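First chain A sits with chain B, and in the next complex the same chain sits with chain C.
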Partner chain A sequence: MNPFLVWILQLYIYFVAVIMMVYMIRHVIFTFNRLNKNQRRFYHEILDSELPPVTILVPMHNEEVVAEGVLRALIESDYPKDLMEIIPIDDHSTDRTEEILRQYGERYPYIRPLYRRTGMRGKPAGLNDAIERASHEIVLVFDADYQPPADMVKQLAMAFVDPEVGAVMGRVVPENTRGSLLTRIIDLERSGGYQVDQQARFSLNLIPQYGGTVGGFRKSVLLSIGGFNPRILAEDTDLTYALYTRGWQVAYANRAECYEESPEDWGVRFRQVRRWARGHTQAAFRHFLPTLGSKYLNFWQKLDGVLLLGVYAVPTLLLTAILCHIVLLLSGAVAPFTLLLAAAFIIVNAYGNFAPFFEVGSATLLDGGHRRLWLLPYMAFAFVFNVWAVVGGLKDALLDVAREGTPQWEKTERFRQ
Partner chain B sequence: MRFENDPEMERQSTPREEQASLRQAQGVATEASVAAGRVLLHRAYRRLFAQNRWVLLITVLVAAVVHYFFFLNVEWFVWKMCVYAQQAGAFLDFGARGGSLGYDDYMWRRLYPLVFDIPEFDRLGYLIRFLICGVIALLLALWRGLNAPIRLFLVTTVLICTVSTLYLAIVQDLGFDGFEISKLYLRLVLLTWVCLPIPFLLLSLGFPFNPIERLLVTFLPVVYDFGFSIVRYLVLIWLASTLGGWAVPLFFVIVGPLMMVVFYICFFSLAMKRVADRMRRDEVKGKVWRL
Partner chain C sequence: MTWWQPTLLMMVFFILILLPFFPGLIELRSPKDDLPLRIDMEYIRDPRYFALAFRQRVQENLTREAQGGPGARPRLQPMVTLGPGTNTSGTIMALDHIEVGRGSKLGDAYSYGDLRIAEQSEIESAAADGSLLIESDSVIRGWIDSEGDATVGNGVNLGVSASSASTLTIGERCEFQRLWGLPVRTSEEPVSRYVPDFPRDREEIIGKDSGVEIEDAARWSSRDMTIPAGSTVGRDLVAYGDVRIGANSIVLGTVKSRGVVTLDEGVIIEGSVIGQRGVNCIGNATIFGNVFSSRDVELGPGTVVGRPQAFKTVFSQTRVLLARGVEVFGWIVSEEGGTVG
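Now for the complex of A and B:
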């Protein structure tokens, strides 16, 4: 084999090993911080101060199964109703969603549904239309399958007493964990992502992410950046970086737990992860350089920001590094196996993959989880599953760039009985 | 009463838990620190109690000494592993034709890899295997009856073989023989055994293990891996000597590492489960969580 090609392939493997090592260290730092260090608190202590008026948006597309659930939960909220406006967005629904929204709109004066029958379909486009109708500066967003507890609105709205906070995010907890093996695995992933990852980023003053499913933002700030970009599927990641690169902060409320319905079908989950990867990669293309160049972010925030943007690129890097390994192995170029290449091999294949499990296991422990810990080994197979979904999402994002088109929004199927 | 005339001395000499019960019984508000141990803290901001630094330090030192002696003798362990693998291979009557041991110097250690033959094929032979692997990958991808993560794992596994056979069909030059691949495996085993305890010890520092548990968490994976390496070695020899060199990447890239990672995770989840069980028992007594 051509020595130059061998050198290039080896160099690439070292590069991927270094990237994996950085992500591994990041996982370990986050986990140790969350397990042992004093945690930065949210704004719970000021719950009794004056409450701001809020607008609550609930995007819906064919949500007849769950629409009543989220509206009822919001009606039962302990937030004063004269300070609350709910705008459910019926986005081109063809089922009973419109009928349900009309009934609730007629019964409750603070529910003002928005019926979208023209224009672009999709969550970002729907939110843009609804924001124009929003009466209040503080805007909260809940996905239609969410079940916000009674104090959720109050908890999230309180973050905005801090004038530096541009957006807030609560914790997502799957409610249907007994539904299937998949929902239990998602529960573990969610636990690691919020209990450790998000909280550690908030505690370490890095980049906690606005998640778009149980959170909120300032209307004026969103309008000042031109609203949500309808061509980006991960409007939440897009907003997070738009805020940080303009000097705003995102607050994370680990105590504000909101229940969601997780997919119970692997096919639905595959499409969901693929869509996230696609949207996240679109946002990465858009915000990578502005993040590095932002004068509002310190070194560690920039590093975390870039790592967060690149998180969906890691599986593809891993797969390509494995292909390089195969070529090197078959051509005999690995035969004089150097210590460095061997170490790279181990890091890429073993420890790099182990670190996320360490994070998830620790999060489960903090959550008081017990028997769920038995499921950790099965997550290794779910990891392979996620790798393929993410690779598919990356391919979609690259095609989006090539075609310069607007991606079709794909709704997640609901399973509630 | 010993401290009849000095209530403060009495208070100081009474265990904190007892103090709390007494004060609660008297209807007096408990101290915040004692109360914190009695209240089940919400999961949002709780964290683990700090561990005794001296105990941690001594445990780490003991682990370092054990690891040092293991490192000094790791050559013997690898040699033993090879001998057992050779005997098991001879018993099962596959691979290791001739049953001889070669030698290789690596990391200032002498290793004794098993020597075995790997069959080679012509272009047509590789193309046939490429087609077979491709069809199997396709069938697996379409088999909806199988759980999706397992299916995708199997598809990935077969795709590795597809890529390998295609590469060899094009290049028609297998770059290694049985001795080289055996050498490679032993070097990885040596490196794994030397490295493995270090991250396990470091990761264990975050959790409330007692010293014995911490040492077990650090070294049991290596003990287990000793036996497991023999099995892996036999799998490698069988794959390479029966199926051919095209199956070797499957072992080195997917099956081997995944078997390792899954076993680490199994071990880790066992250790975590033990800690979680103990924490549940101790939670009501306090000293588990703090803010």
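Now for the complex of A and C:
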């Protein structure tokens, strides 16, 4: 084998191993901070009799199964109804969604449904149309399968007392944990992702992420950046970075907990993760350099921002490193690297999932879980599964760049009975 | 090497590989921890939660005992008077008045009328539907609450929560964690400066010779900054360093700093004050919004937060230090304990 090629492959393997180590250290820091340090408080600690008026958007496409649930939950909110406007967005639905929204719209004057029958389909396009109709500066978003508790709107709206906050994000909690092994693994992943990962990033003044639902933003800020880009499937990641690189911040509300419905089918989950990976990678292409060059971000925020943007590239890097290793093995030039790659692989599998095992375990303990911790090893299966979905998403994102087309939005299937 | 040695090694290898999955298999076959994380869908934060829950519980018990309908007033003595040095752990209740003598030790006390606890007493919790008086150097282990005015003498430890639906007046050297009142006051006389008259011209800074350099709208300064005395700031002010607002300045918005915010004498803030590393009001400041900090909050003499028509919050993740003559309409939270200086 060409010695230069061997050297390049060896170098690549070293590079991937270093990347793995950096991600692992990042997660160790997050977990240590969450477990041992005083956590930064969110603005829900504030009680204020002068609440800001809010517009709540609920994007829906064929959501007859869940539409009433989210609307009822919002109606039962303790937020003053004269300060609240709800815009459910019926996005080209072909089921009973429109009928349900009409009933609620007629009954409650503050529910003003938007029926989209023309134009591009998809959440970013739907949100853009609804934002034009939004009467208020503070806009909150809930997906149709979410059930916000009574004080949720108040908690999220209070974040905007801080003039630096451009967006706010609450915590997502899976409700259908009893559905299957998949839902239980998703429950663990969500726990790690929010209880430790998001909270630590908020506490450490890094880059907590706006997640597109159970959250909100300032209408004027969104309009100033041209609204959501309908060509980017991860409109939440896109907004997060657009905000940070312009001097705004995202506040994370760990106690603003809201139930969601997790996919109960591996195929549905595969498509969901693939869509996330595709959208996230699109956002990474768009924001990588602006993040590094932003005058509003300090060194650690830039580092965290870049690592967060690259998180969906890690499985692909790992997969290609393994392939490089096989090539080296077959060429007989493998000896110095076997241990290194094996170590990297073990690190990723044992500790370095999207939300690593120790991070998930710590989060589950903080949440008061006990026997569900026994399922942690099963996350290894989810990791292998996610790797394939993410590699597919990366491929999709690269094709999006090549074709310069607009990706088709794919809705996540609902399972509620 | 015989045939069984590699076989044994392989078996051990696979057992060790599969071992971590066995406990999970038990949980999957016989689930005991598979419920979703509990979210109280009806939870609404209430600063008087302890007292209201206590009253509700008492009312339920009494109506059950009296076999009366909901809302029935129990058959209680109109007045209970406990002499000095009384030591009891039960719940003391009266229809009109409770009087607790000096140096007593009590459990819970609930009066449908007024309640007075003399100096150097120790009590678990006290609720009064009328007025409440806690005399000096007493210790509250739990909470106190009143529908009418509540007055607390000097050197009282107010426990977890002290609240009043009306005015809560607290004396010097008092220690607290949470205070709620409309208003909470650290002097007997009200601060008569609720709605001062000030210009509301929306300009960046009045006075071109102010010398303040603004980097951009999103971030006024990446370093420390000082607003000169007598300025008017026409919008929200955000800085990454410490911020000092000069005496008698007016900010027609919110002040946010990632460092310490210092308000000199007589400053008026129309919005909130957020200082991640601390907030220090020298004195006679008027803040119409909230005060929020991850570190200490010091409110100097004559500081007013909120106004009679609007309750607000003063929150510190560490300590709140209140000077004499402070008035806060709403809630004060000091996670590591606050004091009145």
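Just so we're on the same page, the second predicted complex is superposed on the first by the 395 of 417 C-alpha atoms of A that agree within 3 Å, B and C clash if a C-alpha of one lies under 4 Å from a C-alpha of the other, contacts with A are read in each partner's own complex, and residues count from 1 in each chain.
Here is the rule we use: a residue touches a chain if its C-beta (ideal position, glycine included) is under 8 Å from a C-beta of that chain, and two chains touch if they have at least 3 such contacts.
Quick caveat: nothing in here was measured; it's all calculated off a predicted structure.
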*Consider chain A as the common anchor and indicate whether chain B and chain C clash or fit when overlaid.*
clash
*asked:* So in the superposed three-chain picture, is A:C258 touching just chain B, just chain C, both, or none of them (first/second/both/neither)?
replied: second
*Give one of first, second, both or neither to describe whether A:R41 is in contact with chain B, with chain C, with both, or with none.*
both
*Partner touching more residues of chain A, whether chain B or chain C*: B
_chain B versus chain C as contact partner of A:E50, first or second or both or neither_ = second
*Classify the contacts of A:W248 with the two partner chains as first (chain B alone), second (chain C alone), both, or neither.*
second
*Quick one: classify A:F288 as touching chain B (first), chain C (second), both or neither.*
neither
*Using the superposition on chain A described above, determine whether A:P163 touches chain B (first), chain C (second), both, or neither.*
second
*Which partner does A:W374 contact after superposing on A: first (chain B), second (chain C), both, neither?*
both
*asked:* I'd like to know which partner A:Y296 touches here: chain B for first, chain C for second, both or neither.
replied: second
_I'd like to know which partner A:R184 touches here: chain B for first, chain C for second, both or neither._
second
_Counting clashing C-alpha atoms after the superposition, which of 1-9, 91-99 or 163-171 on chain B is the one that bumps into chain C?_
91-99
*Overlap the chain B and chain C contact sets on chain A and report the shared residues.*
38, 41, 181, 257, 367-371, 374-378
_In the complex, chain A residues that touch chain B_ = 1, 28, 31-32, 34-39, 41, 171, 181, 195, 199, 254-255, 257, 266-267, 270, 322-323, 325-327, 329-335, 337, 339, 342-343, 345-346, 349-351, 353-354, 357-358, 361-362, 364-371, 373-382, 384-385, 388
*Please give the residue numbers of chain A that touch chain C in the complex, ascending.*
38, 40-41, 43-50, 73, 78, 147, 149-151, 161-164, 173-178, 181, 184, 187, 191, 205, 246-248, 257-259, 295-296, 367-372, 374-378
*So in the complex, which bits of chain B are touching chain A?*
42-48, 50, 107, 147-150, 152-153, 156, 160, 163-164, 167-168, 171, 173-176, 180, 183-184, 187-188, 191-192, 195, 199, 202-203, 206-207, 245-246, 248-249, 252-254, 257-258, 260-262, 264-266, 268-269, 272-273, 275-277, 279-280, 291
*Sort out for me which residues of chain C touch chain A in the complex.*
20-21, 23-24, 26-28, 31-37, 39-45, 47, 216, 218-219, 222, 236-238, 253-254, 256, 258, 271-272, 274, 289-290, 292, 294, 310-313, 315, 317, 330-331, 333, 335
